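Look at the two complexes coming up: subunit A is in both, with subunit B in one and subunit C in the other.
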Partner chain A sequence: MESMIQAVFSTTFLFSVIRVATPLILASMGAVITSNAGITNIGIEGVMLTSALTGVFASAYGFGPWFGFVIAIITGVVCSLAIGYASMSLKADSVLACIAFNTMAVGGTVYFMYAIVKDKGTTIALNSGKLPSIEIPIIKDIPIIGEILSNHNVVSYIAFFMIIVVYVLLYKTPLGLRIRSAGKAPNALSSVGVSLLKIRYIALGISGVLGGMAGAFMSMGYVTWFSKNMTAGRGFIALAADAMGNSTPIGAALSSLLFAVAEALSYSLQVTMIPPELVQMLPYLVTIVGLVAYAAKRSKSEKKRKEKLAEE
Partner chain B sequence: MKIKKRMTVEQFSAWFEVMRFAIAIFIAFAISFIIMSFSTNTPLEAIGNLFVGPMTSIRRFSTVLEALIPLTFAGLAVNVMFKANQFNLAAEGALFMGALVAAILAIYMPGPPVLVIIACMIAAGIVGSLVCAIPGILKVKWNCSEMVVSLMLNYVVLYFATYIFNKVARDPDSAYKASYSFREGVQLGNIIPKTRLHAGIFIVAVFVVLTYIFMFKTKWGYKLRVTGSNIHFAKCAGISVAGVIMSSQLIGGFIAGVGGSTEMLGMYSRFQWSSLPGYGFDGVILNILAKENPAYIPVAAFFVAYLRIGADYMYKQSDVASEIVAIIEGLVIILVAATAFLAKYRHKMTTKVSKNLLEAGGAK
Partner chain C sequence: MKKLLALLLTGVMITGIVGCGATSTNESTSDQTQAGTSEEQASETGAKKAILIVNGNLGDLGFFDSANAGMQRLKEEKGMEVQVIETGDDESKWEPALADAAEEDADYIIAVSPSMVEPMQNIAPLYPEKKFFMMDNTVDFESGDYENVYCATFKQNEGSFLAGAVAAILAKDTATLGFVGGMDIPPINDFLVGYIEGALAINPDINIIATYPGDYYDPAKGKEHGIVLSNQGAEVMFAAAGPTGLGVIEAAVDADKYIIGVDSDQSAGYAANGDEETAKHIVTSMMKNVGDAIYRAVELDLKGELALGTSESLGIAEGGVGLAKNDIYTSTLSAEEQKEIEDIQGKVIAGEISVGTAIGMTTEELDKLRNSVAP
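This part shows the complex of A and B:
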């Protein structure tokens, strides 16, 4: 028990929370954008996976990690738009299109990995490099906070910055208003002469950028290689975070952090006596409990509102 | 392509659907072929191996049928849940849990083997129902997204099942992660010697028929379909929507659980799964290919299984990674699910067919 408390209340634990939260925050921001535009984007899982692979290849065979980062983002955008093309222009059900895309991403990444490095497991042999970690000048000298906040991968800082960017984009710009109306009132949007299709494509594109960054972090920050199915459901967790955060950037980011705490806990509790499987189960269980708590609260408040209306 | 003069619109629609499938499959193969030609010097040979691979021996062909069994179960399970318009993907977890429960009973339960097998299947079915019921309950009670919950639930089930497996069934003397062996005789027997094709194929056939009858010939099935296609209409018609949704999740989960136990008792002599087998998403894929008709699900399962076994053969013969089938599958699904794909052609031809009918003496 003591070792457990020690494991949780240490600076390394909080440091790892931020590390683990990075891909979740980025991906959930992508999910926030698309769900505000009225699209359920479970394809973000496949987008992350594909970007992670292309990032590694671009870094190893191109011009290093930053080049890989850019290519990963471009890949994310292209994949997202492809999903959009299938679901909006070809009019396939969007969830089905996403499931099809995820299937292709899981298999396709292994196919290309094998075709290029002759390994079906990982690209460890490639030596593809890592995006740099950054020490923050003043904060790094503050005793405890410095240990937690400084020396993270650059993408982690980008991720937290993206929360603000997405917030500003959604609530303070004309494009954000259009994206939100694409989800809430698509007819109103068309009635003022804005193309719904165009706005949804733009939303998908932005979520592709964020998904691409998340993928790049997985293979060039979190670890320094691509491995088969390395996202392991993080895209789905991001979707859950979006649902729990009621599709607001701040809410989704907080939910992502909650899952990250659960996940980091599962790593640090593995040294204790608690069975590892039950600890590994934790992040997913927390997600479900969180979703239920949120949904229960919402349905309660809706009931109250209806009762109030009935009284009047 | 000349359309027969007297073809009715219905005939044309049926013919068109078949053709649309054929074109979708052709395009998917063409794109995959192009991808393959970048990574191998002999793409023609590789794709040839993909096609003929499963036919090269009885053993290989029987592996297609073996792979078809769990796929069909998953497809049927997802079908029942989808028909009620529930995107519940927990069939994956239900199948996994069903397999584990069947394995545990097969190790420990005393009594005549036949009874043990029956008990395994029923227990697995019930456990499967419980798994799939969770997203259902949360949806009915609090309107939680059943899709997101079930995606998370599958991982919960995976780790929970692994925990139970380690506690109860794991054989510490085994070199790899596996349970104790099942009791003597507690297995579905092989039906063709020298292959692993087991009696599960009959069980799955029974389930296909039952699901079809349930869906199209019973009042329950009708209620389910009405609820799925228009929930407001169903409410107005006095159908207890929540009850229908819940029962569809329970039935779907039951089928998935039985599928897990059939796979376990048919193909294995110990439990050795350590990751999610992916049948939940496969079930979705099959339903798209089968147009959500339970009667076509075995056909779709055969197609998918044939592709995968063919791809394994191709990998051994031509050194092209078998995962290319995932790309083929994905492309086929997108094209089949894409309602706008060939829609213009369909529109044009439907008009033409109707005109021809009018000229030939009026439509019926």
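This part shows the complex of A and C:
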């Protein structure tokens, strides 16, 4: 019991929560943008995976990790737009297009990895770069808080910054208004002469930027190489975070953090006497509890709204 | 423009499909122009043909690569015609791939993964004239007529015993070791049991923390486990978790701890890629010499000494498992410490020490052992 408390209430635990949350936050911000625009973008997993690979290639054969980061973002945008082209312009079923893309990303990344590195497992053979970790000047000297908040990978800070960016974009800019109307009232958008298709493409493009960053973090921050299917379902967890956060940036970010806490708990609780199977269940248990709590809250507020309407 | 884009997308999709699909690398000794006559030549010269089914992909720096190395050795030293078929991870393709291989004009059909037992049991009896080798697991000889099947398993517990001994010698400050297993299942726990017993043989007060990410393909998760273990004071780690284990290696390097490689000489693998920093943290590797086992089986069969229809367990004595005693190993351990390991190895070979196994062990017994060394 004592070791359990030690494992949970330590600075290293909270430090690892931020690290675990980084790809989830970035990907869930991408999901928030697209679901606000009325698109179910389950292709974000494949986008992350593809960007992770191109980032590694670009940093190894190009001009270092930052170049790789930019290429990963560009890849993310191109992939997202390709999904959009298939599902919106060519009118393919969007879920099927996304599933096809995700499957293709798993096989395609291995194919290109083998073509270039002659290795089907990992790109360890490539001398690819790592995005730097950053010490924050004043905060790093504060005890406890400094240990938790300082010395993270630069992408982790970008991820938290992106929450603000996405919030401002969605609620404080004309583009955000258009993105939200593309989801809630597409006809209203068309009636004022704004192209629905264009707005949805822009939304997909932005989600591609965020997905690309998430992918770059996996292969150039978390670990320093690409390995087959290394995103391991994080894109889907981000989608769940988006759903649980009711497609709001703050809600999705908090849900991502909640998942990250559960995930990090499942790592550190394994050193205790609790059976590992039970601990591994935690992240999924939290997901279900979260979704149930959200659904309960929603049906209650719905009921209230109806009662209010009835009174009027 | 639209047509061009559509064409491009189709192209990308096709490459994707090709990437997913089974790829076959024909490593035949004859080149393309002679392909037509190679069969005749083979029968004339009496050269045998062997096919290896890789139910995954090469490039794992471990098990499959080791098997492939054995095949290449057969080609070079025995002049055999060899072919390697990679099926990818799609389980539905494994049995058809095995059936296709059996249809071919091959003498030996070799599968090297525990998951291939069922396909082997279904296909082998249909081709009684062919010889089937099953590495790292065994078919159920009781349940059918498998006269043409030879199975070899590896005493990973014996190899891990030595790994545990090395780890215990190196854990001089905290006397704490870490273990990361892909899943909490008997074949993986077999590594753990050997590791624990080997460490106890050196230091009876050793602490060992075992964790299970529950996933073989998530290196980021592996890294988190490695970080947790090193935060708990583990000085030496050992990971039996496939690509997830590569994340553990990275965590060990970041924390400047020792790590023991698995399945093949992983230190050499990293050194070959120019990553000396990682290579020097992998103090040794617990190797399963799958390639050697394949070579040994074919060689025995050519002499007519292979016991088909039976299963063999290859330990340290048979060269099935062992430590990678490379430069890193010899420079990290002192001469006395190396002698200590040699002594223990000698005792295991001589049968003075019998290493326990997790196969057939009940969960209660395993938990008791795990808890006895938990800090």
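The rule is simple: the second predicted complex is superposed on the first by the 310 of 312 C-alpha atoms of A that agree within 3 Å, B and C clash if a C-alpha of one lies under 4 Å from a C-alpha of the other, contacts with A are read in each partner's own complex, and residues count from 1 in each chain.
In this text, a residue touches a chain if its C-beta (ideal position, glycine included) is under 8 Å from a C-beta of that chain, and two chains touch if they have at least 3 such contacts.
Note that the structure is a prediction, hence the values are computed from the model and not measured.
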Subunit B versus subunit C as contact partner of A:A295, first or second or both or neither: first
Touching partner for A:T122 - first (subunit B), second (subunit C), both, neither: second
Touched partner set for A:S268, first subunit B, second subunit C, both or neither: second
Touched partner set for A:F236, first subunit B, second subunit C, both or neither: first
Partner chain(s) touched by A:V106 [first = subunit B, second = subunit C, both, neither]: both
Touching partner for A:V168 - first (subunit B), second (subunit C), both, neither: neither
A:L96 touches, of subunit B and subunit C: first, second, both or neither? first
Which superposed partner A:T224 touches (first subunit B, second subunit C, both, neither): second
Subunit B versus subunit C as contact partner of A:I145, first or second or both or neither: neither
Contact residues of subunit A, present in both the subunit B and the subunit C interface: 86, 90, 100, 103-104, 106-108, 110-112, 114, 120, 277, 280
Subunit C contact footprint on subunit A (complex, rising order): 3, 7, 10, 12, 16, 19-20, 82, 85-86, 90, 100, 103-112, 114, 118-122, 124-125, 127, 218, 222-225, 227-230, 232, 264, 267-268, 270-271, 273, 276-277, 280
Footprint of subunit A on subunit C - complex, ascending: 5-6, 9, 12-13, 15-21, 57-61, 86, 88, 184, 209, 211-212, 214-215, 217-221, 223-225, 227-229, 231-232, 243, 246-247, 250, 269-270, 272-275, 371, 374-375
Residues on subunit B engaged by subunit A in the complex (per definition of touch): 35, 38-39, 87, 138, 142-145, 147-149, 151-153, 155-156, 159-160, 162-163, 166, 281, 284-285, 288, 320-321, 323-327, 329-331, 333-335, 337-341, 343
List of subunit A residues in touch with subunit B within their complex: 40, 42, 86, 89-93, 95-97, 99-104, 106-108, 110-112, 114-116, 120, 233, 236-237, 239-240, 243, 275, 277-278, 280-281, 284-285, 287-288, 291-292, 295-296, 298-299
